[in-house]
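One structure, as structure tokens, below. Some questions next.
Letters A, B, C, D, E and F name the chains as they come in the text, with residue numbers starting at 1 for each one.
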């Protein structure tokens, strides 16, 4: 099984979710994160002190899928999350040794 | 070493922590996440507009353990987090190449 | 490519970020997490009931780097995050199969 | 744009029917007379040197003045049992015309504080909580800046243009920069400084109300320019027409005790026009835009509720039985509307919501405002219930049907609630001594004032927005700014570091 | 269930001892007399047509009336130096009986606003902050809905049943729907509308206080039914017994200046019974349930504190020296209790907490309430300190020992604080002119009123809960709803989108 | 340490110039006289038994008294048109000296509530929001504990030491524990209890203001000891010198209507000294320390603003034209300063911030405080604008240049704003009847009071901190505690569980 981690812009979450649903993926876990990269942050001011906020709000999406579904899922994500502007984010794919569904103790692809 | 990631219901955290302690695991990192899956969300209402909240609050637990401890840890988690109701969550196991304890620079199983 | 996950003390984030920049790493994703380990928590009191808060605020830093950059990155992190006191945190290294930059569809080391 | 005219047309049509039906009635029936007299009286208090009511129609003025005197006499008889008799005695003892009553002054200083509390913190929390997290500060700053700006404008020319002189639509510049107002200047039974500051708080909250309609998408600079223009050319003339002895007071005897027309309809229509001209927020109505901090919404509503006692009971300008009854009916109408809205949601949607109960309370407060000096408790229940149902329908159905994006339902609650209140104010009355309530058809003057206010405010708002557009190179924030949130874009700050 | 009876038994036993010890004393000693007279006086103001105090014991009534007259005479002498003399002069000048004093009216309109501010936003924030995040809105909505509902009930029948007529336990229906109350109707030196609305705010906050005891686990529909029944059959009769010239006023001369018995003990006991009947929250006491927003707790407590000036000093129904002293002792008792609670925590637990200092302040405010019209500053320090210590012990030790789950310590703070205050009210008095304070044993009437209130409220609460249970098919939310949080379950909303 | 002396030197130098320039003028010019008389009058009201103004210089006292009488006569003439005439009539009718006016009492009871609301919840929210999340409760608790503690200290000895007796720097112990104050004791036209409680709220907020300067790094125990010492040896004597007929009132005729010197400069300097002695927060100024909850900052500022009406208009101690004008100028100055600060930021930094507009409002409120009884609306605009600009410069430039860490700019806003206000108070005056405003050079007395307050408070603060240091084994939290946050370290709680 593969784990796909995608860091995307927050307002793209809904579209990415729908795109994944279209390729048959109906389970995922999302986390609010802060991203640092080429996209530059903004300046905030507090009583005359200006400071740069480099960490921008992003959404991290984790989906574990069967090996054969990985490519489709990645495509779905990248095309839905793309705005063409800097800061669109990344997708990382890694391998998962085992998956278990807690409710039923099913394992492997069954568990997803 | 293995990394065990478990997505569980928030109110089960305490029990899972205790179960892990019983199998000798005393270190872990938890994150508040939102999960999407078969468990259906709820409807919220705002001045007459109803909308569905699909993402439910979950807790993600990350534990890195020695290879031989992985199975016990997974068992501990699944049995403690089980309620038998939909949405109990998943456990994912993957491999870790290296672990370092920042304070001492110990590596490998020593670092856990 | 390698994924480096580091759990550190929150007030060390700025220093770690700078240390990574020095070794040429300019992209990362951070998450607010709660850590449980040897560092003991504190006691809170609410109308006479005392209870222990075991989970302490930590920052989880995720950086994906080319294989050859991993060691330098780990070094940078461990030395910047070190205070010598218990609870300094851990670094975990694992392998990443693929990375994609959403904006450009670049893959592999290009995407980082 | 088309929507705007559609809505205005619906509103107008709704009123033309009843209006025609009333044409035959004479407008000198009892409550009208009292009110006209009262207005005359108020005007006399405001500026005791301009005793003549009009220039043009001297005959009519004389008749009006006679009526006013009759009404004042009635008042003075009634006052055998009220706090005024003491003052009469005193004026006899000292042979002076005007004096300050410390009890009335005490109440009005506090009423002023309460009305300021309605805007900051009340309204700003109510709106701030309804906003999305990324825009919370923009809403709060707009309310604060409006408070600061209107204080200055009201001081420099607003008070003069609204309250002095005897024009039909505008006052004059006699009191610019508070010329002639000292520590000892008196207005009625309170220092003029208190009357001035009390009215200033109304001039603050009215433009601030509009902010909720165009929230989350308008440039801050454009907000300031738009509000300045609207204040000058819509708030001040409507004030003068209704409360300053102008057109609506003199010719139509409009009853507006505490500001249903001047404040709520006026602001509600401006909000409607502004949100239509600006267009919808990015993603509306597809993406849900739930309030980011519902507890703030409820605290804000609670502070509005408490402060509204200053607004309504304060509009009596004295601490007496009318003020007491105004407070009572304010409380009853707010509670009724909150309860009815809650039950409506419970029955129609399955769950009573927190935002709903708070919105209901505000709708009831809006609707009772014009009536709070003339209605009794049972009338307040009727007005509260009607306002809740009509505003509920507007905010949850009509708005979606017509498709405009009134961010926090300024038109739905203040505009529509104000109209419901203004009309019902023409129906319910209470007898002073026995508390008996009766129904009296006095709709005509009310309908006319509503229509005129709608048109006036609508036209001024539209032009003001266009002028702001020219000055600011567009009144709308860019798409990027809107996505990032106006807090960072306009103010360089984030609401929370939690 | 067993716990409920155990606690009631402990409370009763605590009182029987002192009561027996007092049996011998005659109940006509000075302060009692004054109070009985004052009550008579108040009753006379409220309803000037029912001059006879009782039906059954005419002789006793005559004696009581004589005492009342003597007391009134004393008052009128004292008033040579107070604001009342002016009014006397005026009533002489005009040969009228009742008139409105604008200063008193000004104060009472504001006091009314302050007491409403105690419930919304004050109490709702205090409780809302103490709740867990997932239940914050349910608590806020319950406070808001209580405000709306009680406003209606008090208007429709509550005021009449509480204050009119001369029954022992209930009033009559003479003033249903405010029959006979107009703009000119007077009560004492203020418009009756103001008296009515002021008392309405008491009728709002008392049931709202109970919400804190059963928070986070009771169905919303059951809450509304329970509070309606409890209001009708416990709040109204206890009001009538203590303040309406009923049983406790007439026969036991209970001193309850601002509502220690009527409000706090009454609500505290209802809370205790409700939380025991409902059972503990899921996970209590194993899982910690810390407040989700401590700043809200402190703002809420602060608003309660400020609003309490309206509650206590307002209960004088006039702006005079008694009101001033009531405000003073309220401030002193609150501060003392906050300080003592803080020090107790610091010494006993090692750290003074924010929730602790806020809770201490509320305990002090509760305890000074019945005494605020008769005690001086040194008595206030004593009462504040005693309340802090006893409530601290109840909320942190007794509650855990007995194992009931009073979510936000309604019984621990309001019930117990109210009892401490009611008893100490019988001990400390201040001389009007010199400010000298003295200790006087006047406990008997106080003890009896406390016991009767405990039993009455306890029994009514139990029955009301059982009736609500039948109507709602269970009064408790399901386990799933409780885990999910009542905000989503009952109201379809989440508190924050941060 | 060096910084401390540097700053004090700058301040002193700034004042010596103008002072010398004034040396020649006689100090009996009109406004001075009026003020000295007024102070004398106030003193007379406070303690009618100590009629002699001084012991040492009997001749001067007689002259002063004559002036006072002349002024009082002027007042009494003016009062033909004010609420006082009624009282004069009454005092004639009853041949009594002192009586309570219910309208004045009503206002002052409420003003007291408003000033308490400034500290809790106002100031605590303002400061709490500015703190970082981990320290929010420590700030709130410090404000609450200060409220409790100062209430007790003011009751036990503060009121006596500040207001009774005729020492130059301290009062006496005649009124310790409120000896002799009963329900019927009168001060001016209000009950003494009300005067006492009103002044208590000033004694609460002044030390609470200082909290913002040393926030986020001082041990809680040290805070309590420091504030107790500072209150006793700086607040009380400055009060006595300015308002109690002491040195500054008698000899320099300082004008300080509502507390620019006594409250704001006094507290601002204490804050400056404390933050310098304590040293900078860990990481300051390298790490940004933005407010954790800006909406709290704005609500807090709004409550301060509303409450400030009680502070300034309440300082008239009556509900009359002066109070009305005080409220008016308070509103105008606050609005002007908020607006000017906003525009300054917009022009100089590109964006107007929420924290900026709130801070500007507070700066304006501070600066108008001493002038609020003597200035008119145009003077208020001048004072507001000046305060905004000078405070903006202090908080955003001077502070960084000098490198002290005044956490929430207590010195920058209260100290500097107070100085600006105190000086300009000597320039702008309004005529009572016509409202005409004129400029009058009355700077000398003002400059002297500012200098003396700076030195007095500075020295006392330094010594008090050293004493606290000894008692607490260091006044600063450990580095670990500071990193963890004072909420957990000092109070065992976290602000939020979101």
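The rule is simple: a residue touches a chain if its C-beta (ideal position, glycine included) is under 8 Å from a C-beta of that chain, and two chains touch if they have at least 3 such contacts.
Everything quoted here is computed from the prediction, not taken from an experiment.
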TODO: List every chain that touches both chain E and chain F.
DONE: C, D
TODO: Could you tell me which chains are in contact with chain A and with chain E alike?
DONE: B, C, D, F
TODO: Taking B-D as the reference interface, identify its repeat among B-E, A-F or C-F, namely the pair sharing over half of the contact pairs by residue number.
DONE: A-F
Open item on the list: I'd like to verify one number: the distance from the centre of chain D to the centre of chain F, where each centre is the average of its C-alpha atoms, in whole angstrom.
Closed with: 36
Task: Interchain centroid distance [CA atoms averaged], chain C/chain E, Å - done: 55
Open item on the list: Report the inter-centroid distance (CA atoms only) between chain A and chain D in whole Å.
Closed with: 49
TODO: Would you kindly tell me how far, in whole Å, the mean C-alpha position of chain C lies from that of chain A?
DONE: 18
- [ ] Pull out every residue in chain A that's touching 2 or more other chains.
- [x] 31, 44-46, 50, 94-95
TODO: Two or more other chains in contact with one residue: find those residues in chain D.
DONE: 86, 101-104, 106-107, 110, 290-291, 293, 319, 349, 351, 353, 355, 492-494, 496, 498
TODO: Could you run through all the chain pairs that touch each other?
DONE: A-B, A-C, A-D, A-F, B-C, B-D, B-E, C-E, C-F, D-E, D-F, E-F
Task: chain F-touching residues of chain D, taken from the complex the two chains share - done: 86, 90, 93-94, 96, 98-107, 109-110, 112-113, 116-117, 120-121, 124-125, 128, 136-137, 140-141, 144-145, 147-149, 151-152, 155, 177-186, 190-194, 196-197, 200, 220, 293, 296, 319, 487, 490-498
Open item on the list: Touching residues of chain A toward chain C in the complex: what are they?
Closed with: 2, 6-8, 31-38, 54-55, 58, 60, 74, 77-78, 81-95
Open item on the list: Please output the residues of chain C touching chain A within their complex, sorted ascending.
Closed with: 3, 17, 26-31, 64, 94-103, 105, 111-112
Open item on the list: Under the definition above, what is the set of chain D residues touching chain A in their complex?
Closed with: 283, 287, 483-484, 488, 492-494
TODO: Report the residues of chain E in contact with chain F in the complex, numbered from low to high.
DONE: 78, 80-83, 85-86, 89, 101-104, 106-107, 110, 114, 132-133, 290-295, 298-299, 301-303, 305-306, 309-310, 313, 318-325, 327-328, 331-332, 334-336, 338-339, 342, 349-355, 357-358, 361, 376-378, 381, 430-436, 496, 498
